Structure formats: C-alpha cells, structure tokens
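Here is the structure we will look at, set down as structure tokens.
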Amino acid sequence: MAGLHEECGVFGIWSESNLQASHSIYYGLLALQHRGQEAAGIAVCNTFGEKGNVSYYKNLGLVSEVFDELTLNKNEGNIGIGHVRYSTTGDCNIENTQPLVYNYVKGTLALVHNGNIVNTAALKQELYDEGTVFRATTDSEVVACLIAKLRAKSSSIEEAVKKAATKLIGGYALLIMSPRKIVAVRDPWGLKPLCLGKRGNDYFFASENCAFNAVGAEFIRDIKPGEIVTISKKGLTSDFTFEADKQAHCIFEYIYFARLDSKIDGISVYKSRFDGGRALARSFPVEADLVTGVPESGITAAYGYSFEAKIPFALAFHKNSYIGRSFIKPTQEEREAAVHMKLNVLEDVVRDKRIVLIDDSIVRGTTIKNLITMLRNAGAKEIHVRISSPPFLYPCYYGTDVPDNTELIANNYSTESIRKMIGADSLGYMKLEDIGSLVGDLPVCKACFDGNYPTPVEQN
Amino acid sequence: MAGLHEECGVFGIWSESNLQASHSIYYGLLALQHRGQEAAGIAVCNTFGEKGNVSYYKNLGLVSEVFDELTLNKNEGNIGIGHVRYSTTGDCNIENTQPLVYNYVKGTLALVHNGNIVNTAALKQELYDEGTVFRATTDSEVVACLIAKLRAKSSSIEEAVKKAATKLIGGYALLIMSPRKIVAVRDPWGLKPLCLGKRGNDYFFASENCAFNAVGAEFIRDIKPGEIVTISKKGLTSDFTFEADKQAHCIFEYIYFARLDSKIDGISVYKSRFDGGRALARSFPVEADLVTGVPESGITAAYGYSFEAKIPFALAFHKNSYIGRSFIKPTQEEREAAVHMKLNVLEDVVRDKRIVLIDDSIVRGTTIKNLITMLRNAGAKEIHVRISSPPFLYPCYYGTDVPDNTELIANNYSTESIRKMIGADSLGYMKLEDIGSLVGDLPVCKACFDGNYPTPVEQN
Amino acid sequence: MAGLHEECGVFGIWSESNLQASHSIYYGLLALQHRGQEAAGIAVCNTFGEKGNVSYYKNLGLVSEVFDELTLNKNEGNIGIGHVRYSTTGDCNIENTQPLVYNYVKGTLALVHNGNIVNTAALKQELYDEGTVFRATTDSEVVACLIAKLRAKSSSIEEAVKKAATKLIGGYALLIMSPRKIVAVRDPWGLKPLCLGKRGNDYFFASENCAFNAVGAEFIRDIKPGEIVTISKKGLTSDFTFEADKQAHCIFEYIYFARLDSKIDGISVYKSRFDGGRALARSFPVEADLVTGVPESGITAAYGYSFEAKIPFALAFHKNSYIGRSFIKPTQEEREAAVHMKLNVLEDVVRDKRIVLIDDSIVRGTTIKNLITMLRNAGAKEIHVRISSPPFLYPCYYGTDVPDNTELIANNYSTESIRKMIGADSLGYMKLEDIGSLVGDLPVCKACFDGNYPTPVEQN
Amino acid sequence: MAGLHEECGVFGIWSESNLQASHSIYYGLLALQHRGQEAAGIAVCNTFGEKGNVSYYKNLGLVSEVFDELTLNKNEGNIGIGHVRYSTTGDCNIENTQPLVYNYVKGTLALVHNGNIVNTAALKQELYDEGTVFRATTDSEVVACLIAKLRAKSSSIEEAVKKAATKLIGGYALLIMSPRKIVAVRDPWGLKPLCLGKRGNDYFFASENCAFNAVGAEFIRDIKPGEIVTISKKGLTSDFTFEADKQAHCIFEYIYFARLDSKIDGISVYKSRFDGGRALARSFPVEADLVTGVPESGITAAYGYSFEAKIPFALAFHKNSYIGRSFIKPTQEEREAAVHMKLNVLEDVVRDKRIVLIDDSIVRGTTIKNLITMLRNAGAKEIHVRISSPPFLYPCYYGTDVPDNTELIANNYSTESIRKMIGADSLGYMKLEDIGSLVGDLPVCKACFDGNYPTPVEQN
C-alpha cells in the first residue's frame, strides 16, 4: 500500500533487577520498526537510585541509526519505555520525537503515545488559557501536560492518568513512566492495540506481541479497552477508565499495519490476511494461470486467494530491498526508466499468462496502474486485480494517515471507472460484508469504509 | 544462505550525449546492490573535454549511503563505470574500493572487476620485481597494473587488455575506461556473468540484466566467454582473447547470487530456482501439510516444491527487514531471547503441522538448526528439510567466499548425521545429477560440489 | 584564567525589511563566541507572514559548527534572537540550549538569557505546584514559563516581562521575541551587560558592543539597569522594572569575560586591563629584565605593567591555537611530556632573565605552578608573579562559574604560602582598593573578593 | 600574512619498546599544525610483528579532527611517521594526503614529504614510459615510486633513497619507513628544515624542534643539508647524498612559516623576527605614539620595533580566534559590515594617535588597506606602515605557495605607489641588506626577493 502510514509503536519494560532495560527496549523497538520509521527514542529509570534517575535518548531515524551500543549503555535503568514514530500530527522534527520527558512536581514524567486524540484543539486551548507552554506540536504533548496538571491535584499518577483519560476522545495506547511506576492505558474503544508480556519476574508492554518474541518474553494478554494497568514495586494492578458504549478495534491493523506474526485481540494477523484472500477468491472468482501479489502488502492475501481458488501462486515482481529512504529520486526525465527500480517484473513468469494480482488497497491508483503497465509490457495476457479491503471512502481521525478525500480514487470514481483507469481486465474490492472473514466477530472500527465513527468527531 | 557472499557487481555506460552518466550508474548499481554491500564507487569521463576529464567517487557503504545528489552532479560525464563490492580478497578498507583509478602514460585508467584471479601471486611477484608499488591488497589492482604496464608496449588499450587477459587464470568480468573508450572483457570460461544493453544510442554493461530495467535499457545479449568488447566514438567492436577448452558458468549465480528477475546466459534465475524446487519434490517427496522456505533464500524453491508436490505453500517465518548492518548484536545473555529478532515464527501457521522446509544450502548448520528449534517450540509436528543444492564439499577459487573446508558441515558429516544434528525428521539435498533441472544443458562450474575445477588452481 | 567560565552571550535584531536576520545574528554570535562555546542557537520570525512565522535552530557546538549556510537560509525572518551558551546551571545537553522556544497562548515565545537567577528554586516550586512541566534544567526555562504564565493575565508581553522581572533576583540580560516584538531587559543591579545598536533603521541588542562592529552597526548606548526596551512596528519604547537601591556591575566582565575591544557601561575593557597592570606595577614594583603575561588572559595587564614599570615586554610562552576541544588528552604517562603542548616556553627569551609574570587570577594554582616550572627549566633566574585581580574568596551567585570554596587556593592559604607552593620569587595580588584603577567610579559587584553581595542570596 | 601558505610538516619516531608511537606522532603533529591544516595522517609499524605490521590512517582536516583515541589505539606500533599537509601541488583530496603507503617488493613503504621537487615532470615521464601508474597528483608520489623502483636494484632502502636523492632537484625533507627502518633525508641546499631529537632511547624527527617539546624529547641537532639518517635496530647511521655547491636555507621559515618557539639551523625564530623589527626601526624611524602589529604575523616584529625605537607597544586590533575554516563567508552585501569580523580595532587605543603598524609582508595589499581604513575610521592620526621583509618579486619553486607574479603588488607598483594605494602616511620595507639582521651569517635562499635561485629551475 502506497500512501498509508501507521503513526507509532510503543514498548515498555518493568524489571526488578536487570539494569539493561534500554537493551530490551532497543530489541523491542526493532521488532516494532514497521509502525514508524521517522524517529525513535528510549527513556529509562534506575529505580534503585535515590531519586529515580531518569535518562533518555531520542532522535530522527531508524532504531538502528539512532542507537549505538554506547548510547544504550549510558542510559542505564531497570524500567523504561520506548517509541518509534511516524508523524501524523506535528512535523517531523526533534521536538516531536518521543518519549516526551518532563520535570514536574513529582520528579520526572516520561510518556509514549500511539494514536490520535480527536479533541486536541479544545484541550490545548484550556491549557493555553492557564498559561501553559508547549514545545512540540503534537497531541501527545497535550496529553502529557494534561496528566501533569491533573497530577498536582491527585493522589497518584494512575489517578491523574484516569482523570485525563476521561477527557480524551480518540485512539490511544499510552505508556507513562513516573519515576518508579509504569502506567499503561488503552483507549476505551480499543482503537489502538496494546498488550502485556512477561519474562521471569519482568513485565513488558508492546503495541504488538511480535515484540515480546524479540526479547524472549511470553505474551500474557491484550490490555482491555479502557483498562489502566499500573506496575510498581508493589506489583501489577488494573483499573478501568470508563466503559465505552462499544468497542471498535481498528480494522487496518489487520489489513496493513501490524506485523504478519502478531496476534491482536485474539486474531492472527497472517491468518486474517490469508482468509481475506480466500474471501476474495470466493466473491470474485476468475479463470487464471497464476495468482500473484504486490510485494509486500499483497503477498499474504495472494497466498489465500491461490489456496482457495486452487490457482498456483507465482512471484511476478522482484522488490529491491536496498532502495532505502536516502535513495535519490529520479528526475522527471529518468522517471520512466526508473519505474522498474523498486519493483521489477519477472518476465518469464508472466509472459502469456492470465494473472490475478492482489493488493491490500488502492489509494490514488497510480502505483497499481504502473504495475499493470509493467505486466502488460512483459507479455501478460489478462490482469485481474483483487483488493483485499473495501474501497477507502472516509477520513480516519484516530491516527491513520490517509490522504485527503479528494485524492482517494474510490471517492471520486466508480469501480468500473477505476478498472478502466488502471487498465485491469477486471477489478474486485473486498465486500464490506466480507470484513467478518478477516476478524470474525471482533467489533471493529471500519469508519474509513462506511463512515460510522465510534466517537464524536471534532470539526477543525 | 548464511555465510556465503558474492563479491561484486559491475555496471558501465557509454553515451554519446548524456552527461548524466553518474545518475544511470547510480540506478544500475542500486539494482546490483545484492552482489556487494560493503562499498560502492563510480568513475565517469566527459569525452567532450579536451583531455577526457575523469572524476570519481567511492566509499565504504551501500550505494544509497555513499552517494547523494550533490556527489552525482559533481561527477559529470557521458561515459562511466561503477562497482559494488563485497570483499573476498583484500580487507574491507577504502584503498580496496573500486573503481580503481590511476594516472598512467595515456591519461587516466579506471577499472572495475567482479571475480577472482587464481594466479595473482605469481603475477604480483613479477610486477614487484620490476619495482611496481601497490596501494590496495586486491587481485583487481594487480590486473590494473598489468594492463597499464602492457599498455606502454601496445598500440591500444584493447590490445593491452587482450595481452593481459591471456595471462589471467580465473573468473573475471572487467570494465576498463581509458579516457575515451570502454573495454569490457569476460573470462574465457564464462565463470562470471556480464551482459550488454542498449537505450537509444547509449550502450550499457552490467553483471546482470536486471540492472538494465533500472535505467530503461534493453537487454541485447550476454558477453561471450573470452570476448572483449570495445566501445568508442567509432562504435562497438568485438574480439576474443582466446578460446577456453570448456565453458563453465558458475552454478551459484542461479542457486544464490543473482537476482530473481535476471536471466544469465539464457537461463531465468527465478525459473531455475523454481525448477530446482520441483526436482527436489520429485527426488525427495514426503507427506506434509505445508511447504515453506527460509526467507529469502529458500522461498522460490519452496514455491516450486509446493507446485510439484501439490502441497500448499505457507509462510512460516516473518523476516524483520529493519535489522540492518548497524544492528547491535545481542550479548551472550540476550542471545537466546534474540534468536527471534531476525526471523520469527508465525505460530498459528505451523502449530500441529507437518512441514517441508526449503533452503538453498547448509554451510555450518547453525542457522537451520535454530529455525527447526523455533518451529518445534511453536508446535510443528514434523519438519522435513530439503536443500535446493548438493552438499558443499570443495572450496571455490573464483570469487565465491566459502568458509574453510573445516567449517563446512557437509565435509565432515554424513547426511544422516547432519539430519540428527539439526533436528530434522528427514533431510534431502538436491542430487548432483539433478543440476540439469536448474540450468538444462548449460555447461556449468560445479566444482564446489564435485571438485572438478575448469582451470588450473594455484596452491598458496 | 583556568577554571572560570562565563555562561552566555545574547544577540538580537529588529529589522523592518531585511529577511536575513539569521545571517546578522550568526555574525553577532561569532563575535560573542568567547562568552560561551558549548552551544549556539538562533530563532527568527518573519513578521510579514500572516501569523508571525517563527523558526529556529540550535545545537551543541561552536557557532561555526552549529550553523551552515543552508540552515541560515532556511530560517528566514526579519527579526530574531541568538545565544551562545556555557552551562553554569543545567547540564550540557540539547534541551538546555537556547533560544528556548514555546508555543503559548499568544503564538510563539522565544527567549535567550545571560545570567543567573538566585531565587530559581522558590519560583520553580510555585510553578510546579500549579502543574507546570519543564524540559530543561535551567533557570532560563523557569523565567520563560513565568513570563508565559503572566502573559495570560497581562495586556502585553512587555507587561508580562515587567511583572516577571519584579520577581527575579539575580543577574540577567534577557531578550524575548513574541512573534512581532522584541523585548530586552537588564537586571536592576546591572550585573549583566546588555547594549543597543543601530544600522540604518535596524535595531540590535548584544551582550557586548564588539558584536555591533561584526554586523556594521553602531553602538547607541548601554541598556540601563532595570530597563525594559520594547521594539515593535511602532518603534522603540523604554520602561523600568524597578529601581534597585544600588548598582553593581560585575567586575569580572572587565577582568576576564568581555572582549578586549568592547566597552561596557562606559569603560573600555582593554584600557581597564592595561590600567590594572599599571596599578600592579605601582603597588608591587620589582627589578626585572622583562615583563611577560600568561597567554591570553595575562597579556594585556602585562603590557600595562611593562608600560608603567618601564621594563620591556617580551613573549615568554607560545600558545598553540590548534589545541581544540576535541584534543585527545595525554595519559598520565604522557602528561609530563605533554605539559608543553598548549604553552611552550621561548627558551632564548627567558634564559638567565629576571621575569615579571602576569596573570589575571589564580584559581587552584596548578597552572601557574606548571608555568613557573617551565620557566625555571628554561633557565629563568627570577620569577615574580603579579595577579591583576584580588584573591578569590567568595562564591558567585550571578552566573560566574567559580569552583567550590574548598578548591579556591586563596581561601585556604596565605599569599606567602601560595607563593611557596607555586614556586615564585615574589607574588602580588591586586589590592582591593586598587579596583578603582580598573573601572574608576563605576559601582561594581566585587562580592567574589569581599563577600558583599548586592542582593539577598538564597541558601540551597 | 594573507595569501602565503606553507605546504607541510613531518614527524617521525623510532622507539625500541613503546608501542604507542601513534600517540607521540599525534602530539608532534599538533605542534606542527601551523605548517598545514588541510590534511593529516599517521603510519606506524610494529617491528616486533613477524612481518613488520604497518597500519595507517589519514584524512582531510585538522589533526584533532582526523584522529580520535580509538583510531590512535587501533594503529599500534613502535615506529612511525606523520604528516600535516597544505596543498601546493596536487588538489586537496584524499588521494593526495600523506603518509603515502605502498606495498612493494620489500614489504610496505611509507613516506612523508615537506617541500617541492622542481624536476617532477621529467621524472614522472620517465616512470610513465616504463608503465608506472599514479593515484595521486603530487610530486611526493613521484618520489615514492622512484625510490620503490630503485629499491629493486639496490641492496638497502637507504641506498635506494640515496640514488633517488641524486635525481631530485628542489626542496625536500623526507621521512621513509620501510618496515623496520626509518630513513630521513634533507635536500642538499637545506631549503627545508628537519631536525633530530631524543627521549631516552627513542629517536624523533621533526620539521621543527618545537614538536620535540610536545613529546618531552630533547633537541639533538638539525639534519645537515644533503644528509641521510637511517635508524634501525642496529642504531643510527648517517650518510650524505652529495654536496651542493651552496646552502640556501629558506628565509621564509624565519619570516613567516616556523613557530615562534622553534630554532632552525641555529637561529631562534622569535629572536629573528624581533631583531627584524629592530632593524626596521633603525632603517625607517618615525615619530609616533605607539607601535602595533597585525595579529599574529606582525606582532613579534612590532615588539622589536617598539624596543628599538623606545615607543610603547599597544594592541590596536583584537583578533577573533573563533573564525574557523567552516566560517560562512559574508555575501557581497554583508561584506562591508563584516570587515570587522576577524580583526576589530580597539578604538580607545588608537584614537588621535600616531601609529607604527608592522606586518611581515604585503602580498596583494588588500588586507593592509582595510586595516588602515579601520584605523582611520577609529580616529588614528597617522599610520606608518613597516614591513619586516623585502618586497616579494619572484615566484618560489620550492614549496611556498605564492600567488602569481601578476597578483604580487610589489611586482607592479613602486613603494610610493603602494603607499598611496593602501593609504599609509609612510611605508618602509625591510632592506635586502638587512636580511642579515634576521639570520646573521646563515646562507639563505631569498630568491623570492632577489631572483637568485640556488638550483636550476624547470620551465613548465
């Protein structure tokens, strides 16, 4: 999928004894790198120190670029939180990187956040009017300042978090470190994922359980929507902010964001995508010689389609994995030549073949159109496009960075028009009623497809 | 495949008019990055300048790390050569990066080399005795100095290259730029690949034709074993160094080195690997629930095995593509936890399943053993390992960086012993007589499997 | 002087038309670099933009290391403030660099600060109790948050600054940019310097007037103690915070901090040091062959001593100006050898000579002792040390980074004992009553010599 | 002096036991940094290793930028050579940095060079014709290849050096390391300086003896013109290349290049400059209120003038030592403002004064003209310029980077015209016959003043 991005991943550790928390967080963040590649950061605390000695490091770049061994070793502590970021709100600059770390009345407050708060503007104005200053331009800083403010009138950090949570509308998974505690909270709709793991006596939090494998921890359970978990020397306690009238887990975690080997709210991501491909095959069957997928986003659904349709899977595109972020974009003149740079057709595979081509979504339509042209040039006879999600019709307010409505091709054209524009022989989008094939009975937010938002939505 | 590396890729361009040769070489090298990730370099010449103004830039790192737009633009020319390097002989340092660029009696000589010269030591001693100095520690510099020396007594650079080539034993694909000409030469056994492409009036050379797509050029033909191609303002001419008594194309280009979407000496790499998987299925059939491959090296053969055996393919491992070179290695203590860092099992896929696991080779056996353990821990019922190449028994003298005999597990243990050591339920290596399933009638060097070297082999 | 450091320099510009404010600030900061070498930063605002578009850049390092042309050009504006920092309070990290830049109720607030606030702890606790968070660990951030808080209840930024100033005890020169105004304020005791310059219609602020020459501006006048100057589109206005009962300009600006070519509160720095040397010659005359100074801190006073005593000046030490911050310190073993690295004796100059050696102060005594040993080893016959300031006996609370009392040699030993310890033939400190020779009638703070602090001093 | 540059400094160490040669060379090069600021490099050899294990590191930049502790420690050896470079011939690029290090018939050859070879072109052509290739564009590489070539037909490295030296015309100080020996050679005219030092059993070579102090070594003696010194396990031996008919030590070492605290061929650099100032005072006396010098190049001569003329010295300009190489040059518009950036007038010192202003030379005349304007603007009444060297009239072929004749103001105008052009009230250059006041009877090359070159001079 080109043009869609997830904003963040969070990871946390509470250890009773191991002072190398930063190392565990490093490996955890590496496992969550797919959730954000613009910045990374780690804050740790040595709870044995007299005052709870917090240190942190963060910067723009990939986890492996931001951290080296020296930096990890310098930041010594037994508890800590980490963050990988893709910017949805707030520019890509150093002030907006996380963990956000503040000195406040009770010592040091550190916070990481995945998600998007819908009522940020109103909350921010309230704080402004009381004389608050902000350094960053993110909703995350508003949350942090709100918690700090409420802490002054609360008996504990978890109480302050609870008070703050009742004011927040939107999707969020938060980890807060206040020097000797870690508090985790998940929005009451369950929009954003957050789960709990364990290794010996050490506890872990992560956006996805694939990160637990990276540190040798075991998955315990998902944090429940609206749940606040607090870990301190006294152990783990759990509380609930408030009950939302409905749960609405983000469907895009399954379709696109999450790692294949994760399991979120009981559903395996790989299986969900594979089954989505099977559903597509049932709803939009076609006679063909081979099934293929757009690497990497369409491959798993293609396996499922192939399985269900009993048409062999074959790789039609080679993806150059060395085209990194620092890659020099071709000029307009070089463009045509360079279309084969990232993805190149395996000509012997596709020549004279009838092909089912799977991708997980169409945003603007330019990418799929290019790929179809490449297949035709390589001699493909028929190209039947199958998309493993319904058409994208509504904006997301919870942290998924979707282009403007005006750029969404499905918003402006019928499926038949799109088929013609991209040059496919047939085109099928997953049916809205087939969403269940992905996630079973799990209540999901699929507002981007049907416009039914689980929360009020601020207009600004 | 862990532990095997290719040494280099070369790319060249001759344009009559376009002064942005460095840009084309950049994209060409990006497409060849899989052939070497330690260093990259580009040398170009503006043949319109009075003296043939050569400039170059090279450094340790990936192509996208070494070059930025400024550097490309500063190195302006209409012809040029480029190189990506993995060090087989010579340390990984800046002196050993290529293109090698020298001032010599006729102006500037630039050279890039893929391969390994067997009789380097003898050639070097000759040059030493005449007072020659070397800066690098590579066989490539010996070749360059030899050509420069012979040029003083020859009427043209191509004549000097021819004289030099008659002295070289081993595998080589060379591009030589001497200011206003580009000379390409491929060893007479055809050990190393080299091919010719065209875009309008511009000619291109590349180790693999996948690089032509990256610059919008068309594949013309492979350079023939022993062929010397010279391009100058007068056009393209072809000559032959000498006829080898036999051709011996490196089998490992098909098994491991080359890109899936390349075609070398008429054989599609993807098809070769796919068919290898099919042959494996015929020779070593087994009842199983799913076929899977070790990412990325075993995936294509797994598709072939699945196709032939009519057992569904499924992804059993997720590969974290963000584990780069700068990744901080886990300490001994963290090791066990970190085994899941690079590859993580998709537990829902493998639980209670009988699995065929394909990889392209076993070098030391440690990687496959770890993967089998991971599968067992995730609940796999049976694991049948199939290797899409025969056992590795002999060293390679032509540029493939194979570990010492003593480290090669196949050299020291029987297949049954290896099966036990790695913990598989069954183990099958491709049969030597099935090599034909990969490459048909193409005469190949498979000395690493059978010890039959196509050239004399120096002992030192 | 080894061991004493100034904390900061500030520079500001208000231009009606020139959008290259960042360039002027860059040159101004270069001229003030001697006041702080740990970090530098610039914030500018384009007041023609609809919202007052503030941008900024800051980092650890020298001005010439932090900024390049690209960065200056990217930060476009017609007004702006800049800062060079040496850390007295707060660690040397990126959070503590200045300008501090915040979003607040009225847009963007930027602030730079030279000095030290004595009652920081009390002010901070007040803010903490209201739920304020801090990112930095500096008194400067407390000042900024205080101003922002007060702004919410004030009719203008200058009114908020005035309210804040009445609460601040200590030395400060502040520049505040709030998007379309620049407000400058100097503490009511005049402890820290701040002056006003002009170039055409553009106004400038700087810690020292030497910075005006660097941008072609003319010195207008010193900002008066307690004065608040506000510049906006409506022009320049002046107000006073409150009258202090006494003025107390920091004597160390003349003795050590300020640049030779600056003039502060009417007194030329060069002349002050030169006259200090003359006073020393009158108070502690001695027969000698030559007068010399410790480079650079003692050279000017040595010129004065030489002039008054009619003993020729000669250079006895060569200073290696290439020993930068990144210089690798010699190991203990290399230490003895390396004592000549920074300063080396000109042996032919000092052999068999009776020498008057001038420095501006003695902190721990180790440096002067080493120099005397070097002179003796080079054959000097007599060494008479003269110090152009009285002995250091009391800590500074206003921003001068003096070592602990316990480390101050003058606090622990008599002059005669010190003479013996350093190995001098005679030793004379400037007499307290000779301070007037430096600054005439100007009321100065010389609390570091006599313990008479002009303000209450917080105990913590 | 603006516009004149020295090309290089060399440093070497032979230790019997200390494996930290790289550390000593580092400190030695720091002391010689004034001789070249564009690049630095160190090559060392561990002679206890079986083969004489040579390693090296070099790069563009200052010594303190090029080396860090890690790099020094990684390059372990007991003998070694180092270089700081300013490029006179050859561009400023990495290939031209030194030590030049080659593998050759006898192992590894490393070489550092200060000076310039007049007959490079002829020597290079000879080597070209025999098929030699060059990577760099410097005369130093020609010398190195010549030595390597001759080594093949010689019984020892020192014999090869001697044979090479008889072919070299020009100024040179060379250190050659061939793995277990260090050979030092100085040109037979003594144009370039080179001296020998000792610390315990360790020997040192350096361009100037000030470097010995930096490593705690003692100065033994200057290497004699034409002398070849070889140090090996067997001790130190000395030989002579050939006798030149005359010695001709470069006068500019005393006037400008060398450090104040060095002593070259028996003459103290500080004393030489001081005495030059005295001679100027005798030859061009004037009534004035103060004597001052252009920092730093004119200060020492100003001390001498002041001493002889009995007119007090005073500092008229403050030099900003933070204006480094990375300083962003002011634009044309900012130029006028920025003239005070590097040097700023101390207005109180010069107002209404009659001033003698000393500098060591005038190249193009622009700098001195600016300074005079600044002094006038600050209120100086009279300005009498005195130059402590004769007018520059002829090019230097031995390594001093003088601008083209056409740019040398003295070549194109009379002294009276120059006086008018720069706006001085009077102007006096040191008389040619007063050169003796600088260096006594020492035979010097002063061809830049009188055109009498000590060697044949190649025309190309």
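Read from first to last, the chains carry the letters A, B, C and D; within each, the first residue is number 1.
Operating definition for what follows: contacts are C-beta pairs under 8 Å (C-beta built on N, C-alpha and C of every residue); 3 or more make two chains touch, one makes a residue touch a chain.
Predicted model only: the values in this text are computed from it and were never measured.
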- Enumerate, in label order, the chains that touch chain C and chain D alike. none
- Compute the centre of every chain as the mean of its C-alpha atoms, then state which one is farthest from the centre of chain D. A
- In whole angstrom, what separates the CA-based centres of chain B and chain D? 49
- Rounded Å distance between chain B and chain C, as computed from the means of their C-alpha atoms: 61
- Item | chain A and chain B, separation of their C-alpha mean positions in angstrom | 36
- Message: Quick check on chain D: which residues sit in contact with 2+ other chains?
- Response: none
- Drawing the touching chains as a network, do you get a line, a ring, a star, a complete graph or other? ring
- Item | Interface residues, chain C side, partner chain D - complex | 23, 26-27, 30-31, 33-34, 37, 62-65, 67-69, 72, 199, 210, 213-217, 259-261, 263, 268, 270-271, 300, 303, 306-307, 312-315, 318, 320-324, 326-328, 330-331, 334, 336-338, 340-341, 344-349
- In the complex formed with chain B, which residues of chain D make contact? 94, 101-105, 109, 128-135, 137, 144-145, 148-153
